[in-house]
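Two complexes come next, and they have one chain in common, chain A, joined by chain B in the first and chain C in the second.
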Partner chain A sequence: MTLQEIVAQLNLTCLTKPRDFSAVEIRNGYASDLLSCVMAGARHHGVWVTLQSHSNIVAVAALLELSAVIITENSRPEQETIDKADEEGVNLFLTDKPTFWVVGKLWEMGVRDS
Partner chain B sequence: MQVYVAELHVHTVLSPCAEVEMIPPLIVRTALERGINLLAITDHNASANVEAVMRAAQGSALTVLPGMEVQTREEVHMLCLFDTLEQLADWQQQVDAHLPDLENDADLFGEQFVVDETGEFVRRERRLLLASTQMTLEEAATRVHVLGGLAIPAHIDRKAFSLITNLGFVPEGVPLAALEITRHITPAQARQRFPQIGDIPLIQSGDAHQLAEITGPMVLTMESPTTAELRLALANRAGRSAVLLRRVDKSEAEDKSSTLAPSVYEQESL
Partner chain C sequence: MVKDGDDGLMEERQISDTRLQVERSITDETIGQITRVEELFYELKIADSMTRDPKVVTPEVPMRAVLELFRQTRISGAPVVDQSVLVGIISIEDLIRALVQGDLDVPLKHYMTSKVITVQAQSPVIEALKTFAQTRVGRLPVLDENGQLVGIITKGDITRGVLKALQREIQLEELKRYRASHLFEDIVSDRTSLVLRYYIKPRDFAHGGQASHHIKRALLRLGASPQVARRCGIAAYEAEMNLIIHTTNGGVIRVGIEPTDILIETFDDGPGIPDIQLAMTPGYSTAPEEVREMGFGAGMGLKNIERCADSMQLESTPGKGTHLTVRIYLHPPKESLQEHK
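And then the complex of A and B:
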């Protein structure tokens, strides 16, 4: 599954600078709003679904080299956080859907490794 | 210099999770019995009982700092300590403007009582206080700092409502005066387990929801009981200092009058 397909099917808004996501392969995902858990539990290159929009999400995503962060329930981060994500090469996406819905869709699409 | 035995995180019956015994005269009496002479009242997102505790302590050796335990948007609990009721009133207004208007269900969350200095019922707080304000941690800490207060994220070693648990590490550039740890961990253990603390001062407190949890483990040497002095003491600057007292003699454990006896306690740096 490519990030491009995920963005299209889930109708995600790209908050950071748009790139070519068709070459970004996503196989695993993680969902939590507690950053300490994410740091301990999320795997490299996966997608992370959260409604946490604090700027620390960028550092965590960069640290784990996550391919995408999907922020749910329209919990839009501050512009500063988005700028920081661009600097760090972290892809931030926004949706008005809740985490449960997003994870369900990802599962349906075949992203099933945790 | 004066010596202050401090307990900086105490709830009253205004906090739905606090025991009904947490009324001003009993809080003051318990603190005095245990040799505590500096106390901060910190209810969840609220401050309506602070003045009553200050009144109850009037004429005693106990100084009460006006405070609050605010819940930020990230569900991080943070102590906000001030010097005056005016500062606290200003802060309360800002918190009120950022608190969702949810009704408290006392059966589910507990009663939220506003009381007077004798502990008599005044009114019930209608709004649910166990809720997140819409202020981010940065915003809340900055606003407290601008008012001249101290912003201290609470119980960072807990699994919930904790800066470290919820946000992973301490964000840079936020004016935090200190970080609070619980009694379940020593300062040395905390610094080892959470290297992300860096050189930020620590405090330890009981997060007292019942009288038995008011124990005052922290001893501050400073000129006067103000937040400015507290800031210096926590940083161990200008001749001020802050240490923890750890009980070493278990046989004396029940003797509350001996709070400061050197044979019973040893010092531990923060």
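And then the complex of A and C:
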């Protein structure tokens, strides 16, 4: 499953600089709003679904080398956070859907490793 | 150079081959490189990878002269310019049509394509790539901001431009890494170590994670394995966030890098932890509500540190402060942290 397919199927808004997501393969994901749980549970190159939008999500995503962060329920991060993500090479996406819906869709698409 | 069509085709095939490999086995390194190539498509200017001052022809030149030009210079297309204005483009396909008609003595303006698709010199090369994909043309004349022809670009030019840029970056990074990783080798002492210090302010959530990010990057530069760097990064992150969330006056992270292990320590002057056993219990947290709302204070921080560490020590005196010591050996990596189950 490529990140590009996920972005298209879930109709995600890319907040950071657009890149060619067709070469980014996503096989696993993690969903939580508790950062330490993400630190413990998320695997690198995976997708992280969260409602959190403050700047620390960028630090977490960069440290874990996550391929994408999907921020749910239109919880739009501040521009500073987006700039920081661009600097760190972290891909941030936004959707108006809740986390439950996003995870359901990802599961349906075959992103099932945790 | 505007070489013949085969050249472009072959390069295209090579690019898709690379993609295939990526899908087959993805390593940290290939992902990093592929992403960098894509970034370069956005960063490199068309002006940086185009062929400057291309061979141009005028509309009245006979097709026979075009044939000679293509044969001698081994190019397969040329912009047509009339009094320094771009009026068309003539390609090997046009020449073949003229040859078939036995029409080599007519002016080339009868065979040229006059609706020329162009790109801007200051645009990123991704714009040229998009145009290639949409139009299926093999070469694009490049115009400056005044509409003057300044060059010509093919897919081959882009591939070469990106490769050159990558090469430059790799050399720079290698040099940096070489200097760093040879730091210890070149210095003779009975015991060599490098100490990094980071001062962390209380409640500075805006910079939370920055110190740990710098620590991780420094370790990678020094030649630590990605796994070790990751474990140090995670442990340092949790320690850093603890200083931000819980301390009265902030604290210091001290990273001691030695040839065999990395020692991460934090020092603060309060408030201290009354019951360390309780603090180590997963899920236990004293973080205030507004901090929890940001997703901190899950009560997992110390557990995460322990999980990443080869050894961990926590000493605290209420009212005095806390001293955390985390040791991570450079080799072999700790078995208990399995990232790829």
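Here is the rule we go by: the second predicted complex is superposed on the first by the 114 of 114 C-alpha atoms of A that agree within 3 Å, B and C clash if a C-alpha of one lies under 4 Å from a C-alpha of the other, contacts with A are read in each partner's own complex, and residues count from 1 in each chain.
Going forward, a contact is a pair of C-beta atoms (placed from the backbone, for glycine too) under 8 Å apart; a residue touches a chain by one contact, two chains touch by 3 or more.
From a predicted model like this one, the values you see are computed outputs, not experimental measurements.
Quick one: chain B or chain C, who's touching more of chain A?
More residues of chain A are touched by C.
Tell me the contact category for A:E65 with respect to chain B and chain C: first, second, both or neither.
second
Answer with first, second, both or neither: which of chain B and chain C does A:N56 touch in the superposed model?
both
Does chain B (first) or chain C (second) touch A:H44, or do both, or does neither?
After superposition on chain A, A:H44 lies in contact with chain C alone.
By the touch definition at the top of the document, which applies to A:L35: first (chain B), second (chain C), both, or neither?
Both partners.
For A:L10, decide between first (touching chain B), second (touching chain C), both and neither.
Neither partner.
Quick check for you: in the superposed arrangement, does A:D20 touch first (chain B), second (chain C), both or neither?
second
Could you tell me if A:G89 is touching chain B, chain C, both of them or neither one (first, second, both, neither)?
The answer is second: A:G89 touches chain C but not chain B.
Overlap of the chain B and chain C footprints on chain A, residue-wise?
33-37, 39, 52, 54-56, 59-60
Can you tell me which positions in chain C touch chain A when the two form their complex?
Going through chain C, the ones touching chain A are 19, 22-23, 26, 28, 31, 34-35, 38-39, 41-42, 205-206, 208-210, 212-213, 216, 230, 233-234, 237-238, 241, 294-296, 298-301, 303-304, 307, 339-340.
Which bits of chain A are touching chain B when the two form their complex?
Contact set of chain A toward chain B: 33-39, 52, 54-56, 59-60, 78.
Could you list, by residue number, the parts of chain B that touch chain A in their complex?
Residue list for chain B touching chain A: 73-74, 136-137, 164-169, 171.
State the interface residues of chain A toward chain C in the complex, per the touch definition above.
The touching residues are 17, 19-20, 23-25, 33-37, 39-40, 43-45, 50, 52, 54-56, 58-60, 62-65, 67, 80, 88-89.
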